[in-house]
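The data blocks that follow each hold one structure.
Across the two complexes that follow, subunit A remains constant while its partner is subunit B and subsequently subunit C.
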Partner chain A sequence: MSFNIPDDRQYMESHEYAARDGDTVRVGISDFAQDELGDVVFVELPDVGDEVTHDEAFGVVESIKAVSDLYAPVSGEVTAVNENLFDAPELVNDDPYGDGWMLEISLSDESELDELLSADEYDAQVA
Partner chain B sequence: MNGDAPDGDDGGDASADGFHFDQARWSDGDRHEPLSSEKRTTEAEYDDSPLPDDLTRDELELPKLEEPDLVRHYTRLSEMNYGIDSGPYPLGSCTMKYNPAFTEDVAADPNGLVHPDRPVAGVQGTLSVLYSLQDYLARIGGMDAVTLQPPAGAAGEFTGVLVADAYHEHNGGDRSEIIVPESAHGTNFASAALAGFDVVSLPGGEDGRVDLEALEEALSEDTALLMLTNPNTLGLFERDIEQIADMVHDAGGLLYYDGANLNALLGRGRPGDMGFDVMHYNVHKTFATPHGGGGPGAGPVGVVDELAEFLPDPQVVEAPDASPLKYEFETPERSIGKVHGKYGNWLVLAKAYAYIARLGNDGLNDASAKAVLNANYLASQVEYDVPYGPFHHEFVASAGDQDAADVAKRMLDYGVHPPTTKWPEIVSEALMTEPTEIEGKRTLDQLARAFNAVASEDDETLAAAPERTTAARIDQTEAARDLRLSWRALDD
Partner chain C sequence: MALETPPLRDRHAEAGAKFTEFGGWDMPVEFDGIRVEHEAVRSSAGIFDVSHMSEIEVSGPDAERLMQRLTSNDVTALDAGDAQYSTITDAEGDIIDDTVVYRLPETDDGAGDSESSFLFVPNAGHAEQMHDRWTEHRDDWDLDATVYDATYDYGMFAVQGPDAVGHVDDAADVDVDGISRFSATWASVAGVECLVARTGYTGEDGVELVVPWNRAPEVWAAFAEERDVQRCGLGARDTLRLEAGLLLSGQDFDHESNPRNPYEAGIGFTVKLDTEFVGRDALEAAKAEGVDEKLVGFKLVDRGIPRHGYDVTDTDGLVVGEVTSGTMSPTLDDPIGLAYVSTEYTDPGTTLRVVVRGDSKKARVESLPFYER
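Our next item is the complex of A and B:
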């Protein structure tokens, strides 16, 4: 099966994506991750204003099959949270790169982005 | 209202070698057996309550039913359910056993109905039973002291971890980690985390057992405890257990035995002799008491001498010679305190005591022999592949190309409860099966026929199952997304 891995963003080995727009990084999980998890039933996210740390857990995604930690691709303050997911967690399955986004983080250390995978590198990992 | 006659065509040919199953369907319109309050109600009026107005109602709707209607209501509900009284229930690791009825007689004995605050002199008989049970369990587990206080297996785990923590603290150790094999029962991770420890997950070896190299890597001066169940969740005996114990002890840690699988070892091997320092007993799995999750249970904890002074308060001990009493309570010197009100769930413990006393040494030996024999016989009759062995009281088959959850749903159509599914994850599409010592050959054969009938069916049939049960397949996703945890939510 082939998965949608857009090359306008970067990825973590733990299947989160980071889409940079200026000083803001939007975070969600990849198409591969949502497919592996199956129907997502619950998403737990931090509050706006919380600090998250590169490579550390910031939340939890729960599907009918598994409960998984979510890891932050970069460190920084949470500037937005997709509250739609609380009532409609299925958005993570339906549109992981669009309406199923999870967090926006204000970028604090640009060098952390260098540690993330490119779309090609991530594609090689999940292939 | 009537019992709908099941349509013989809509369940496919869900019969295996003559066995055929249809679950009762009592319904009224599109609703299953209505609540008794929905049938006929009467209004009661009270207007002279001494309670404040904001705490009282003037009117109350109460069901008004003739006694036979009420009896039939609950009988119908039970007919629409499936339990150990209906047929086999081979849930691996959860160990669903039929409990012999004589244990209920023992618990119902009026002499057992004592108030926990009665003076010690007036409850010597009760204390005698508790003392003997502590002794029985200590001897069965190879432990030196036992507390009966924890009210369930998971509570026992938590208690055991607290006792181990108190031991380390007293001995100057500041140990923050508990090592748990990946394939361990989920409660192990939870108990360790609840007690404030960091959980170190130990990857399994290729043979499904503890990988000694991985253990060596995981052990450190931060290791407080290694939690193991033996036989493990694949039913495999940890052959290197003595070496494992030495490695943990050399690192200054303690070894915890999760007693969930003790029914495989009864009378044949003792955790204490293998080097374990602390353990819990699942009296509902190994002996005969109700499961703790749905009501009062019991999860006694045994420890070696070095840990006895940290056990919960109180212990039942023999009174000094000078005392007119035979038994009394004692607070262990460095007790972690109470983990349950009073002395534990006494009537549950009485059932465990009755079962052990009735079976005796030979009977307990026989129970573990049959638990292992039954699992091995059933596995030999099942066509699904069982990748790991030799196993003891339970085995984990693989549903192969089939979806284990669908296999489970379809097995319901054959009048048996399915095994635990999709766990442990080391086996793909796992069917974790534990028939227990209670079943005879005829029932094991019925189970095997159900497994094998489903093994030969196509995905489409499986995906449509179950069709012969009262409730059809539920929408798991919607049920999880739109949680309704009370009947009150039905109106939403």
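Our next item is the complex of A and C:
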């Protein structure tokens, strides 16, 4: 089975992605992660204005069968939260890189991006 | 530890299954997504490979006496071909495992004394324990019975859902719709001699098939391939049984980590105190005294999903119980669960709270089952 791993963003070993747009980083989980979890039924996210820290848990995603922590790819203030996921968590399955995004974080330390995986590196991990 | 594999492991993998360890077996957890599989069983039909279930055969002149003394229900009430839900309890009345007991139907050729042949189906990983328990008690009581662990002789499939009986009827040489609920018959299904039982674990009408291990692939193919019945994994089996308020051994009771008697577990109907069995006296006392905690169904009113092991509190935050099972109900679209709570909190409508990762969430006691067809 092959998974969609777009090369316009970076990834964590724990399967979150970070898509940078200027000083903002949009965060979600990879196609591989949503497939592994199965039907997503619940997402718990921080509030706008909260601070998240690189490599630390910022929330939880639950499928019917599993509970998984979500890890922040970068540190910074949360500037947007995808509230659509509270009523329609299945968006994470249907469109993980688009409508199933989770957070936007204002980037505070660019060097943290260097620690993330490229699409090729992540592909090698999940292959 | 090496995992046991069902007879169709490779075929399931080819069909795209994901696998999980369950009771020492490497079993398919989902094929096309839990929600899709769950909805197929509620609306049409699905087929489950449940070959991880144990099968113990008990035969001989004292088979009935041995079964009666080791299970809590009344096996003398079973005619040939009848089945009953029962429990195996220890001397304190705590459940070691739950099971379905069949008094095997007559065979066509009249071979054997079918009046005294039983099959019971303990949960995955309990075969050796039950085989040993039966042989030790047989020897202690000097009974004349043969106890045989047939777990590796048989595969087991469940075909469940409103269209399930029709599919099995189509593939069988008997009138499957004529088999009453909790009864079984021998029949040829897809050309393979099987035990066909009108039983299940989903809250739907359906059939369970006990099939010879080496011919299991033919029977599976007759449904999953030729009749295009939705393949289902243990994930959907769990959400279906939970909606139906059915217990999972090792989770809703566990002889080691969470010993419970049938009254606490809400299955007192499996206890027949007018029979003699191991645990009877303790259960008679428990019934007379009443139990301190009982299993209840509940829904979370606040956002969240209850999971095994979460604390249940009263509205003041005092811990009054613990969640044993929980999920997002695909049929009801509500978070549901089972929990043991102090008996004063068991009335439907009672407000409780469930602690989800440190956050207290409002919950409401519901009458079981959550779903009834």
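Here is the rule we use: the second predicted complex is superposed on the first by the 127 of 127 C-alpha atoms of A that agree within 3 Å, B and C clash if a C-alpha of one lies under 4 Å from a C-alpha of the other, contacts with A are read in each partner's own complex, and residues count from 1 in each chain.
We adopt the following convention: contacts are C-beta pairs under 8 Å (C-beta built on N, C-alpha and C of every residue); 3 or more make two chains touch, one makes a residue touch a chain.
Just so it is clear, the model here is predicted, and its values are computed rather than measured.
On the superposed subunit A, the two partners subunit B and subunit C do not both fit; they clash. In the superposition on chain A, contact of A:F86 is made with subunit C only, not with subunit B. When the two complexes are overlaid on their common chain A, residue A:V60 makes contact with subunit C while staying clear of subunit B.
By the document's definition of touching, both partners, subunit B and subunit C, reach A:F42. For subunit A, the partner with contacts to more residues, out of subunit B and subunit C, is C.
Of the two partner chains, neither subunit B nor subunit C is touched by A:A124. In the superposed three-chain arrangement, subunit C is struck by just one stretch of subunit B from 43-51, 79-87, 115-123 or 169-177, namely 79-87. In the three-chain superposition model, subunit A touches both subunit B and subunit C at residues 39, 41-42, 62, 64-65. On the side of subunit A, the complex with subunit C involves touching residues 1, 38-39, 41-42, 44, 60, 62-65, 67, 86. Listed in rising order, the residues of subunit B touching subunit A in the complex are 422, 476-477, 480-481. Taken in their complex, subunit A has these residues touching subunit B: 39, 41-42, 62, 64-65, 89-90.
Subunit C contributes residues 16, 18, 29-30, 33-35, 235, 238-239, 303-305, 307, 327-328, 330, 335, 357 to its touches with subunit A in the complex.
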